[in-house]
Amino acid sequence: MQHVSPVREPLVTGGKTYHDVTQDVCRQVEAAPNVRWMAALSVALFFLGIFLYSVYRTLWYGIGEWGLNKTVGWAWDITNFVWWVGIGHAGTLISAVLLLFRQKWRSSINRAAEAMTIFAVICAAMFPVLHMGRPWLAYWVFPLQNTFGSLWVNFNSPLLWDVFAISTYFTVSLVFWYTGLVPDFATIRDRAKGPIAKVAYSLLSMGWTGSAKHWSRYETVSLILAGVSTPLVLSVHTIVSMDFATSVVPGWHTTIFPPYFVAGAIFSGFAMVLTLMLITRVVFKLEDYITMEHIALMNKIMMITGSIVGVAYITEFFIAWYSQVEFEQYAFINRATGPYWWAYASMMTCNVITPQLVWIRKVRYSIPLTFILSIIVNIGMWFERFVIIVTSLHRDYLPSSWVMFSPSIIDIGIYVGTLGLFFTLFLLFAKFFPVINMAEVKTVLKYTVDNGPTYTGHDPHHDLIHKPTTHGVPANAPVNYDKHD
Amino acid sequence: MTKRFALGIFDDEDVLLHAIENVRAAGVKIYEVFTPFPIHGIDDALGIERSRLPIAAFFYGMCGLAFALWMQIYMLGFDWPMIIGGKPHIALPAFIPVSFELTVFFTCHGMVITFYTISKLYPRWRTPVLDVRSTDDKFVMAIEINESTDLNNLSKLLRENGASEVNEKEMTKN
Amino acid sequence: MATLTHHESATAEYLELSPKTRRTFISIIVAGVVLLAIGLIMAAFYGGGHEAAGAAHGAGAAHAAGPEAGAGAAHHEGSPAWLKRLIVSLWHNNVFFVGVSAIGTFFVALQYVAYAGWSVVIKRINEAMSVWLLPGLVIFLAVFFLGRHDLFHWTHDGIMDPKAANYDAIIAGKSGFLNTPFYLIRMVVYLGIWWFFSERLRKISLAEDLNGGTEYFHKSINVAALFLVLYAVTSSMSAWDWVMSVDVHWFSTMFGWYVFASWWVSGIALTTLTAIYLKQAGYLKYVNSNHLHDLGKFMFGFSIFWTYVWFSQFMLIWYANLPEEAVYYNQRLGGFNGAYTWMFFFNLVINFVFPFLLMMTRDAKRQMIMLKIVSIAILIGHWSDFYLMLMPATMKGENGFVIEIGVALIFLGSYLLLFTKRLAQASLVPVNHPFLDESVHHTT
C-alpha cells in the first residue's frame, strides 16, 4: 500500500488504463512501418554506408588513413570511444541508480535508455577494435595461453582493464535489458496475429507467462542487477578515465578524473536520452507517458551533472595553479589560450554555461529549447574529450615535437558513420521492440495522482475494495496491506 | 498430461490480493496466479518464500573474485613474472579493477542463468497460456480442478471475492 | 492504490531531555577532560618529544621533496609537543564536527530537491545536526589565531619571503590563495553560508509546522537548490583550506570530494544512530524498520562510494608514482617509522570492509543493533580518517591518542548537549510536510 502526496506531478497523464498502456506501446510494433520511420532509417543506413566504407579504407590501407601523427598518437578514435561510452552511461543510470533511489518516473524512459546504452557501447567498441589495425586478432586482448600467440596480457595496464570493464558492462547491460524485455515480449506474443510474429515473439519471450513465482524472482533479479550495475557503471568510466589518469601526462594525471568522468558521462548520456526521447514521444505519440515532467526532470539531472562537471573543471584549473608544477600549469594555460582555445571555449560554453539555462522554468519545459540544449551538450561533451586528449598530447614535455592534429576524411567518416550505426540500431529497436516498459509503467499507473483505477464500470464486486473517490481519484484506502510488507 | 483449471479473472490487483487471501483461507489450493506486472505484497499473500537468488549471486560473485585474483596473481606473479612500470610482480592495487569487473560479471551472469534455469524459461516455438489477457490487463487466478471439484461452489467463491469472470480451461503440460 | 489522505493522524511530538541524559553528556565531557589532562601530563613529562622528532627526521626524507629540505629548521620553531598535539586535535575534531553538521543541512536540502518522501520523519534530526556550525566557526578562529604555526606551514614567518632563510618558492607561489586574510575570509564565508541556509531551511520548516500549506515546501526547494550549488563549491574549497593546506606542498584534485565523502558517510551514520536512540527512548513513533532500512542502504552504499573515492585517489598516485604526490602516501604507509601504517589499513577495514560485510543483507539493515554497531564504527572510522589526513603532516611521528581521544570526547559531549537541545526545540514530526503521509506509510 503506497501513499502518494498530492504535491507530486502525475507520472502518466491521460487517465490511462492497463489496457491503454498495452495498446499505446504495442501499436507501433504491430503496425506497418510508417513513412517517417522508413525515411529516418534510410538516412541512418546512408551513414552506416559511410561507416562501412571508412572501415574498409582503414582495414585495407591501414591506420595511416587516420590523421594521427607521432606526437598525437591518440586523438580522434579515443575521443569518440570515450564519447560513446559516456553516452551509454545514462541508460544504466536510469535503469539501475534511479531504480535504487526509487525515482518512479524512470519507468517510462528506462527501456529506450537501456537500448541506447547497448547501442552506444557497440559504437564505442568500434574505435579501439579498429585502432588495432588487425581486428581479426582482437581476441589477443583476452588472457590466453602464451602458445596461443601472445604473452599473458598485462593486468597492470588500464587499457586491459578497459577490455574487462567494457565487456562486463556490455554483457550485463544486455542481460539486464533483455530480462526486462521478456514480459513485454510475452504481451506482444499474446496479441500477435501473424504466424511469424507469433513464433518470433514466442521465442523472444522465453515462455514467460507472468506467474507470481516468476515475477517474484524477476523482481529479485532486477534489484540485484541494479545493485551491481550501479558500481559497475561507475567503474566503467572510472577505468576509462584511468586510461589517461594513470599516466604522467600533464592534464591527464589528476586524481579527480574518475568521478569527474562519470559525471560527464551521465551528463552527455542524459543529453542523448533527451534527444532520443523528444523524437520518440512525438513519432510514436507517447506524450502521456513521457510527459513534460519527465523532460523537466531529465533536464534537471543534466544540469546537475553538468554543474558537477563544471566544479571539476574549476577544481582542475585551480589545483593546476595551486600545485605550482610548471607542466601542469602550462597544460591548462595551453588548453584555454593555446591553438586549441576554440575547442576549450566550445567545451566551456556548451557544458558549463548553457545547461545553466535549465534553471529557468520556461526552458526546461520547452521542447524545442530542450532539444537544442541536448544537442549542444553532446557537442560540448565531445569537445571535452577532444580538449583533454589532444591539448595534453600535442604540446608535451618535448617542445621540438609540438604539432597540431587534424582528422582525415576517413576519421570523420568513421565518426559520423557510428552515428549511422547507432541510429540504425535504435530505429530497428524502436520499431520491433516495445520502447516503453509496459509492465513497469503498469505498476506505477495506480500510484500516479492523475490516474485512479478506471475499472469501476465492469466490476460488480468493486465495493470489496472500498474506494471513495474525489475528482476521479481514490481519496482514501482503508484496506491496508501493510502486513504484506 | 492434461490438467483442468478454473480461472478466476480479476480486473484489479488490490481485489486480487484480497481474493487470494480469502480463497486460501477457504481451503482452496491456488495453482498459480498470472499477472501482467509484479504486484507488491503478492508473495506474502500466496506464501511464496523469499527467493534465495541473492545468496546464489553472492557465491557467484565470490567465485568471480577468487578466479580473478588467482588468474592475475598466477599469470603475472608466477607463470611469467615481468617488471612493469617499476611495480612489484603482484601489484595488488592494479589488480583491483579487473577483480571488480570479474566479480560483477560472474555475479550477474551466474544469477541470471540460474534465474532462467530454475524458472524453466527458454525460447520455445509456441507458448500456451491459460488466458492471453493475463499479459495485458487481467489478473488470472488458476485453480486446478478434477471430477470431484464442486465447480459451482468454487465459482461462487471466486465471484464473491471479486472475480469478473470464472472460466474453465484445459491445458496440456509436457 | 494511491491514497491522498492529508496526514489526518500525524501529531506533533516533542523531545524532553531527562536530567539523566544531560548528566550522561556532561560525564562524557568530564571523561574527556580527565583523559586530556592525563594525556597532556604524559606528553609534557614523559613524551620523548626530541626522540620522536629525530625519528620524524629520518622518515622526513619523504617530506624532503622540493626545497623544503632546507627549511627543516622551521619544524622546530613550533610549540612543545603536548601543546601542538592539543592544537592539532582541536582542529581535527572541529573539522570533523563542523563537516558532519553541514551534512545535516545538505541531507535535508538533497531530500527536498529530489522530492524524496521517505525521509520526512527523520528530517528534524538532520535539521538539528547543523548546530555546530557557529560554535565551530568560533573554535576554528580561536585555534587558527593561537596555533596556526603548528598547523600550517605556510603561515610561518618568512616562508614566502625570498630573502628569508626558510624561503620556500612553492609555498610562496601559493600565496595568492594561502594568505591569512583571504583564508579567514573564506572560512567565515563557508560557515556563514552553511549556517545561513541551515537556519533558513529550518525556519521555513517550522513555519510550515505552524501554518501548513504547500508554499513552504516549494520555497524550501528553491532555498535547498541554491544551498546545494553553494555547498558544491564551498565543501571542496573548505577541504582544501582546512585539511589539504596542512600538507602544503601536496595537492590532489580529488581531495575536496574525498573529504566530502567522509563527512557525508559520517553524517548519515549520525542520523541513523540518533534515530535509533530516539526510537529506543520512545520517540519517533512513525519511524519503523523501513526507514532504518533506507538509512542502512545509504550507509552501505556511501561507504562503498567513499572507498571508491579513496581508491581512485590512492591508485592514481601509487600508479604514477610522482614524488610530489606520492609523499603523501609514503608518510602514511611506513613513514615516521611506521607510525601510521596500521591506521592506514584500519581505515580501510573499518570504513569499507566492516560496513560492507555487515550491511550486505536486507535483514541487517532492518535491525537496530546491527545499524547501531555499524554507525558507531563508521563514526569512529571517519574520525580516524581525518586523523590520518591531519596528523602525519602536523605531528610527524609525535602523534598519540590520549589527548586526541580526550578532546574528541569533549567535543562529542558538547555537541550532544547542543544537538539535543536544538532537537527538543521543535516537534520531531514535521506535521505539515506534504510528504509526511508518504513517509509515515513508507515501505521498502
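Annotations
The letters A, B and C name the chains in turn, as written, and every chain counts its residues from 1.
The rule is simple: contacts are C-beta pairs under 8 Å (C-beta built on N, C-alpha and C of every residue); 3 or more make two chains touch, one makes a residue touch a chain.
Here the structure is a predicted model, which is why all the values come from computation and not from measurement.
Each chain gets a centre from its C-alpha atoms; the one nearest the centre of all protein C-alpha atoms is A.
Between the chain pairs A-B and A-C, more C-beta pairs are in contact across A-B. Chain geometry summary: the mean Cα position of chain B and that of chain C are 43 Å apart.
Between chain A and chain B, the centres computed from C-alpha atoms are 27 Å apart. The centroid of the Cα atoms in chain A and the matching centroid in chain C are 35 Å apart. Residue numbers of chain C whose C-beta contacts span two or more other chains: 1, 315, 319, 443. Within chain A, residues 1-2, 231, 238, 242, 446, 453, 465, 479, 485 each touch two or more of the remaining chains. Counting partner chains per residue, chain B has residues 14, 40, 54, 85, 87, 94 touching two or more of them.
Interface residues of chain B facing chain A in the complex, by the touch rule stated above, are 11-15, 17-18, 32-46, 48, 51, 53-54, 57, 61, 71-72, 75-76, 79-80, 82, 84-85, 87, 91, 94-95, 97-98, 100-102, 104-105, 107-109, 111-112, 115-116, 118-127, 129-130, 132-137, 159-164. In the complex of the two chains, the chain A residues touching chain C come out as 1-8, 100-103, 230-231, 234, 238, 242, 245-248, 253-259, 307-308, 311-312, 314-316, 319, 322-325, 446-449, 452-453, 465, 467, 470, 473-477, 479, 482, 485. Interface of chain B with chain C (complex): residues 14, 40, 54, 58, 85-87, 93-94, 96. Taken together, the chain C residues at the contact with chain B in this complex read 1, 311, 314-315, 318-319, 321, 360-361, 443. Residues 1-6, 114-115, 117-118, 169-170, 173-174, 177, 214, 217, 229, 232-233, 236, 240, 251-257, 290, 297, 301, 304, 308-309, 312-313, 315-317, 319-320, 322, 324, 434-435, 437-438, 440-441, 443-444 of chain C are the ones that touch chain A when the two sit in their complex.
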